[in-house]
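Below: one structure in C-alpha cells.
Per-chain numbering from 1; labels A, B, C and D assigned in written order.
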C-alpha cells in the first residue's frame, strides 16, 4: 500500500511538471486537475484501506544519503492521508470547472499537484529530513499559489508574511528535531522514538514543536499570516490550505508531541489548552469583523484550529493523568473535528469561489440575493454554514459535542492548572461556537439573502457543473458525517489506539447508531434520529397545515412595517450586522472604535461613520518586531556608506580584538 | 414459545414506551399555547386588566393558519421553509426534555447539549429568515438576536456544564434522576446555575427585560423585528414555536431544579397521572412567576442586554469553576 | 659572534619600531615622508644584516629594493604628488597624535603580550623579532586608520609592509622572500599610481570628490 | 640554499613521492607527461595569452568558453587520475571538490558571459578592445584560482590568491564609471591589507614550522606541515591563524572585513559578480580551511572553531540586517553571499562530521545557486537597463523564464526545498542545536532576517505590477537552468560516491 502512495506522490510531481509544460493549453487544466482528482481518490482509498492495517515502512535512497528517505504508513498517517485525499479530490473536482476562470493558469497548474505532493509527503515522512523537506515544499508550493494573483493589492504582503512565517515554522521544527535527534544525528523517527527526552530538553522540544506546528496551523499569536494568505490564493487552493494544510500542521503537532516525544507533562496540556481556547475565540471574533468572504473563512479556520487544539490539549491532560479512555475521547473528538473542518471549510471555500467567479467580488457588502441567482450554491452554502456553526444534525455539531463531553469528563484532575483551564476552555469553546453561528448567519444572510447590493450580484450566474458537483459531494458528506458520527469515530479508533494505546468504545455496535462516548446513561447523541425527527415534524407540520388549513400564497411588495424603501442600500450590511458584537467584544479585544461625523443642520455633506480596529496580536507582537528589525536595518545601513578608512578601522579593530582574545585565552 | 412471548412482551413494552413518547410530544404541542395564554392572562391581571382568555393563543393560531400567506416579492424558498423548520427543531428539542417522565424511548437520542443546539438551530434559521427579504428591520432583528444568542448560548453551556458536572452526565433523564436522589444536597453552584438559567430563559424567550413580545415599536424589537414579514400560517408556526420554546424552558427548569413528580419511563401507568399533574403545576407556577417578573421590571436598552447576559455567563462560569475546584460546591 | 649578530639584529628591529613611532608623531607631510625613507632605510639595513648573518645572498636583493625603491623612489614620488596635486601639507588626524602614540604603545604591549607564550625553542631572534615586527605591522595599520590623508595612509601601508618584510627576512631560510618583496613593491606602485591617476586628494576612498557626492546617497 | 627545487627529505612522509614526480615551478615543463593538474593550470594560462590577441569578440568569447571547457574536462579527469603530491602541487580529496566546482562554474559563467557581453557591446558599455582584455583577465583569474587550489605550498597559495584578487580588481573596474572605479579601488585597498595580513600569517606559520621541519621550502609545503603540525609551537600558530583568518577572511567577505564585497559585486560586469560569489570566495575559504586543518592538528593550539563561528555568525546576522535596505539588486545578492559565507564558515567552525559535511555541501550549493542568480540578475539588469530594484517589477509577467528563474534561484538560496541548500542548512542547524543551542538559535535568527529581506525584494522584482522597461531578452538560459537543475537534484538525491567523498573530506577537516 505504501508503495502505491509513494507512486501517487511521484505521479503528482510528474503532474506538476506536465502542468508547467501544458499550462497555457486548455488541456493542461483538465490534465492537471483530472489527474489530481484521480490520484487523490487513490490516496483516499489507500488511506482508508491502511487505517486498520499494520505499520508499513519503506526506505528510499533519497535525501540525506546516510539516512535515506524513510516513509511510513501507520494509522495516523493513513488518517491524514484520507483527509488529504478527500480535500484534494474535492478541490480538484471543483477546479475542473473553476479553473476555467483562471487568468494565469501557468501560475497555478505546476504548483497545485506539487502542493498536494508536499502534503502527502509530510504525513508519510518517517525521518526529520524528509518531514521538513516536505513541510517546506508544501509551504513553497502554496506560496507560489498564493502569489497567483500577484498584481492584486495585498497579495505581495500576503505572500511575504506567509512564506516568512512558514519558514519560521520550518526552522523552529528544525530546532525541535535537532534536539530530538541529538548530537549523533539520529534523524529518523524510529531512533527519536527511542530517545525519550526528559526535563528541560522535553520542555524545549515541546515549546519548539508547538511554535513550529502552531504557526503553520494558525495558533494565536502565530496566526497573522493566515487571514492574509488563504484568501489571496485561488479558491480551490484556499480550500486546500484552510481545509487540509492546517490539518497537516496539526498532524505535525500530534506526530511530535504524542508519537515522538512519548508522554506529555501537565503544564504542556495547560499551554495547549490555553492557546487553543484563545485561538478559537480570537479567530471567530476576527471573522465576525471581516467583510471579505474569503478572509472571513480564513479567520474561521483559525477558530477551528483552536477547537482542534482544545481537543488535543484535553487528550494531553487526560493522558498525563493516566485516564486513557478520556484521552481517547478527546483525541477522537479532535481528529473528528479536523476531518469535519476539512469538509465544511472546503465546501465554504468552494462556495466563496463560486460566488467570486459569479460576481467577481469577495466583498460581502457587494453581495446579496444570491439565493435567487445561484440556488444550488446557496443550498450547499447553507449546509456549510450550518455545519460550521455546529448545528445538529450536521457534522460540526457531532465533533464539538464530543469535545464538550471530553471537557465534562473529569473535573477532578489533580493539577491546579488543568482544574482551572478545563472549565475556562469549555466556556471559550461555547463562546466560540455561539459566535461562529453569529458569524455564519452574517455570511449567509448578507451574502445570499436579502436584495443584491451591487449590479454584479444582481446579475450573477450559477457556476458550472463540476463546481456544483464538488460542492454537492461535500455538502452530502457533511450531512453523512453528522448523521453517522459513529462510523467516523470507529474509523478514527485505530489512530487513537496507536497514539494512546486506548480507544473509544465501538459505536457502530449500537442498533440505533447512537453515539455514546462513555455510556448511554451518561451522554448520548443520535444524529440520525434527531434529523429524522426534524424532517418528520417539518413534514407533518407542513403537510398538515397545507391540507387542513390554508395553502394560499399571495405575492406582494415588501411590507417593512409600512415603510418599504426600494433601495437595497437600506438593508443591513455586513458591517452593521456585526456592529453589536463589535461593540461588545471588539471594543475590548480589538480596540474597535466608531466615530460618527454628523453634519450640522444645513450642511450638505453626508454623514460618515468610521470604524477602526486594531489587531492586538499584531500590535503587541509583530509591530515591535518589525520596528526593531527596521530600526536595526536602518542603523546598520550607515555601514554601507563609510569611507575606506573606516572599513580599514574595522579590520584593525577585528585584529586587535582577536589578538586581545588570544592573550586572554592564553 | 417462551422466546416469542418474551419478544412479544418486549414489543408491547416498546409500544408502550412509544405511546408515552408520543403522548409527551403531543402534550408539549398542545399545552404550549396554553402556557403562553396563562402568562398573558396573569400579566394582564397583574396590570389590572381583564386580559384575553387563556385560550386566546389557540384562537390566534387557528385564525392565522386559515389565512393566506402574503409573501414579499423577493422571498426565497428559505423564507417559506424556515417557519416549519423552526417549529420542528424547537418541538424536537422540547420533546427531548423530560416533562413528566424520564427515560422515554427516544430520550437518549440527545442530551442537554443537543437540546441547546437544537434551539440554536431554530434561532439560526430564524435569523436567516429575518434577513431574507432584505429589509432594515429584518437585519436589525437578526443582528440583535445573534448578539443575544452569542452570550446566551455560552451561558447556557455553562449551566449545562454545572449541572452535568454535578450529576456526572449530560443526559437529562439521568440528571433528573440524580437530582431526585439525596446525593444532591444544597450546592452554591446549583443556585448560581439556576439564576443563570432563568436569565438565559428570559433572554431566549424574548421576554422583558431583554425583549418585549408585545411590542411593535421598531427600535426596541428583537424577535418581532425578524418575523415582521411573516403572515398567515408561517406566522402561526413561528408563534407556536415560540410557545413551545417557552414551555421547553419552563419544563427544563422544572426538570432540573424541581424534579418532583417526575416518573421514570418504566413506571406503571398510574404514576404517569401524578407526573403529568406535577408537570402542569410546575408550568402554572413557572408561567405565573414569569408574568410577575415581566410586570415588575422594565425593558432594558439593547446595549445593556450584554451586561445582563454577561452576568449569566459569569454566574455559570463561576459555578463551573467552583465545581472544578471542589466537588462539594 | 652569535651574540653580537643577535644584538645588532635586535637593535635594528627596535629601531624599526622606534621609527614607526616617529611616523606617528609627525604632523607635516614632508616630514612624514622623510621618516618613511628612514623607516625603509632601517629595514634595508636590517635585511642586509640578516643576509649577512644568514649567509643568504638573495636577501641583499630585498635590501636593495628596500633601499632603492622604498627609501628613495616612493618618498620622492609621494613628495612629487603632494606638490602636483596640491595636497594639504599637514597630516590630518582622526584622533590627536598623543592619543595615537598611546594607542601605539598599547599595540606594542599587546604584541609583546601575544608573543610572550611563544617558546623560544629554536633561536631567540624569532620571538623578539616577530614581536617587534608585529608591533610595526599594527602601528602601520593604526596609522592607516587614524589618518585621513591618502598619502599618510599609503605611508601607513608601507610601514605595515616593511614590518612584514622584516618578519619574512628575519625568518631564517624563508623561501620566496625576494619574490614577495618584489610583488609588494609592485602593489605599492599600483597604489601610488592609482592615487595619482584618480587624483585622490583627501581621502583614500574618494575617486573624485564632485562625482562622489552625487551618487553616494543614492546608492545602496 | 637551494630554494627552488629539490625533493624534500620529508616529502616521503606523505607516502610515495618519487623524486621525478615533483613538479617544477613552471607548469608544463614536463612535455612528455602532461598530467591533468598541469593542464588545469596551463590551459587558462595559455588561453589568457592567446585571448589577449584575438581581435573578434565572438571568437574571444568562443575561445573563452572552449578554454573553460577544456579546463573542466581536465578537472574532471582529476577525479579519476590523481597525481602524487609534490612540493608545489597537490591534489587531494579536499581541493578536488573545489577544483571541479571551480571549473564547472567557470565554464557556465563563460557561457553566460558570451551572451552577456554581446549585449554590453550593443549598449556600448564595453568595446571590443575591452573585451580582449576582459577575456584574457577571465582566464588569468581562473588560472589564479586553480593555482591557489592545487598549490601544495602555502606561499604559492598566497601568491595565487593574490593574483586572482588582483585580476578581479581589474575586472571590477572595467566599466570605468566612477562607481566601478571606486568599487575597484575599495576592493584593491582592502584587498591589499588583507594580502598583507595573510602574508604575515603565512610567515608566522613558516616560523612555527621551521624548527620542526627545517629551513627552506619544506617548511611551506602543506603536506609536510600537516604531518608535523602536532609539534609546532602553539602560540605562534595561534597568532598565525588570527592573521590568516583576517587576511583570507577579507577575501571570503566575512563581516566586518566585507566592505569591498558588495560594491565589487554591484559595479563589475555580472559574470564577474558570479565568479566572485561562486568562486573567489570559495578559494579564499579553501585557503582558510587548509590552515584550519593545520591548527586542528595541533592539540595545544587555540581551537579555530570558536573564532570562525563568531565571525560566521556575525556575518550572517550583519548581512541579514544589511539586506533590508538594499536598492541595488546585485548589491542585494552580494550581501546574501556574505550571509552564506557566514553560514559556511560557521558550519566549518562547528566542525564534526556533520558540520564539515554541511559546510562543504552548502559551499557547493551556494556556488551553483548564487552564480545562477547572478546570471539571471545580469540579464534582468540588461533588460531593465538598471540595477535599481525600484525600477523592476512583475518580471514573471513580462519575462516568465527570467522571472521564474529568479524565483527558483532565490528560493534555492533561501534554503527552501527541493533545492540543495535546504539539505545543508538542515544539517548545520540540527547538528548545531544538539551541541550549542544558543548558537543555533542565533543562526536561525540570522537566517530568518536574511530570508525576510530577500523574500521582500524578490516579491518586488518578480511579482506585483510591472515596472520599468520591457525590453527583449537575449539570454542564454542553459547555464542558469543547468545550475538550478544541479541544485535541485542535489536537494533530492545526493550521489553516493559524492557523499562518501564529502564525508571523507569532512573527516579530513576534523
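In this section, contacts are C-beta pairs under 8 Å (C-beta built on N, C-alpha and C of every residue); 3 or more make two chains touch, one makes a residue touch a chain.
Keep in mind it's a predicted model, so treat the numbers as computed, not measured.
Engineer: Chains touching chain A and chain D alike, please list them.
Structural biologist: C
Engineer: Return the chain label for which the distance between chain Cα mean and whole-protein Cα mean is smallest.
Structural biologist: A
Engineer: If you tally contacting C-beta pairs for every chain pair, which pair wins?
Structural biologist: After counting contacts between each pair of chains, the winner is A-B.
Engineer: Find the chain most remote from chain C, comparing centres computed as mean CA coordinates.
Structural biologist: Here the answer is chain B, farthest from chain C.
Engineer: Just give me the whole-number Å value for how far the CA centre of chain B lies from that of chain D.
Structural biologist: 79
Engineer: Approximately how many whole Å separate the CA-defined centres of chain A and chain B?
Structural biologist: 35
Engineer: Could you please state the distance in Å, as a whole number, between where the Cα atoms of chain A are centred and where those of chain C are centred?
Structural biologist: 68
Engineer: Which integer distance in Å separates the CA centroid of chain B from that of chain C?
Structural biologist: Each chain's C-alpha centroid was found; their separation is 98 Å.
Engineer: Enumerate the residues of chain B that touch no fewer than two other chains.
Structural biologist: In chain B, no residue touches at least two other chains, as defined above.
Engineer: Do you know which chain D residues sit against two or more other chains?
Structural biologist: 185-186, 189, 193, 235, 239, 325
Engineer: Two or more other chains in contact with one residue: find those residues in chain A.
Structural biologist: Each of 637, 640, 644, 648, 651, 655, 659, 662, 666 in chain A touches at least two other chains.
Engineer: What are the touching chain pairs in this one?
Structural biologist: A-B, A-C, A-D, C-D
Engineer: Which positions of chain A touch chain B when the two form their complex?
Structural biologist: Going by the criterion above, the answer is residues 368-369, 371-372, 375, 378, 382, 386, 389-392, 397, 401, 404-405, 407-408, 411-412, 419-420, 422-424, 426-427, 429-431, 433-435, 437-438, 440-442, 444-446, 449-451, 512, 514, 516, 520-526, 529-530, 533-535, 537-538, 541-542, 545, 548-550, 552-561, 564-565, 568, 570-572, 576-581, 583-584.
Engineer: Given the complex with chain C, which residues does chain A contribute to the contact?
Structural biologist: It is residues 637, 640-641, 643-646, 648-649, 651-652, 655-656, 659-660, 662-663, 666 of chain A that touch chain C.
Engineer: Under the touch definition given earlier, write down the residues of chain A that touch chain D in their complex.
Structural biologist: 61-66, 106-107, 128-129, 132-134, 136-137, 139-140, 144, 147, 150-151, 155-156, 159-160, 163-164, 167-168, 171-172, 174-175, 177-179, 181-183, 185, 187, 204, 629-630, 632-634, 636-637, 639-640, 642, 644, 647-648, 650-651, 653-655, 658-659, 661-662, 665-666
Engineer: Quick one: in the complex, what on chain C touches chain A?
Structural biologist: 94, 107, 110-111, 113-114, 116-117, 138, 141-142, 144-145, 147-148, 153, 203-206, 216-217, 220
Engineer: For the complex, give me every residue of chain C touching chain D.
Structural biologist: 56, 58, 114-119, 121-122, 126, 130, 133-134, 137, 141, 144, 157, 160-161, 163-164, 167-168, 171-176, 179-180, 183-184, 187, 190-191, 194, 198, 204-205, 207-208, 211-212, 215, 219-220
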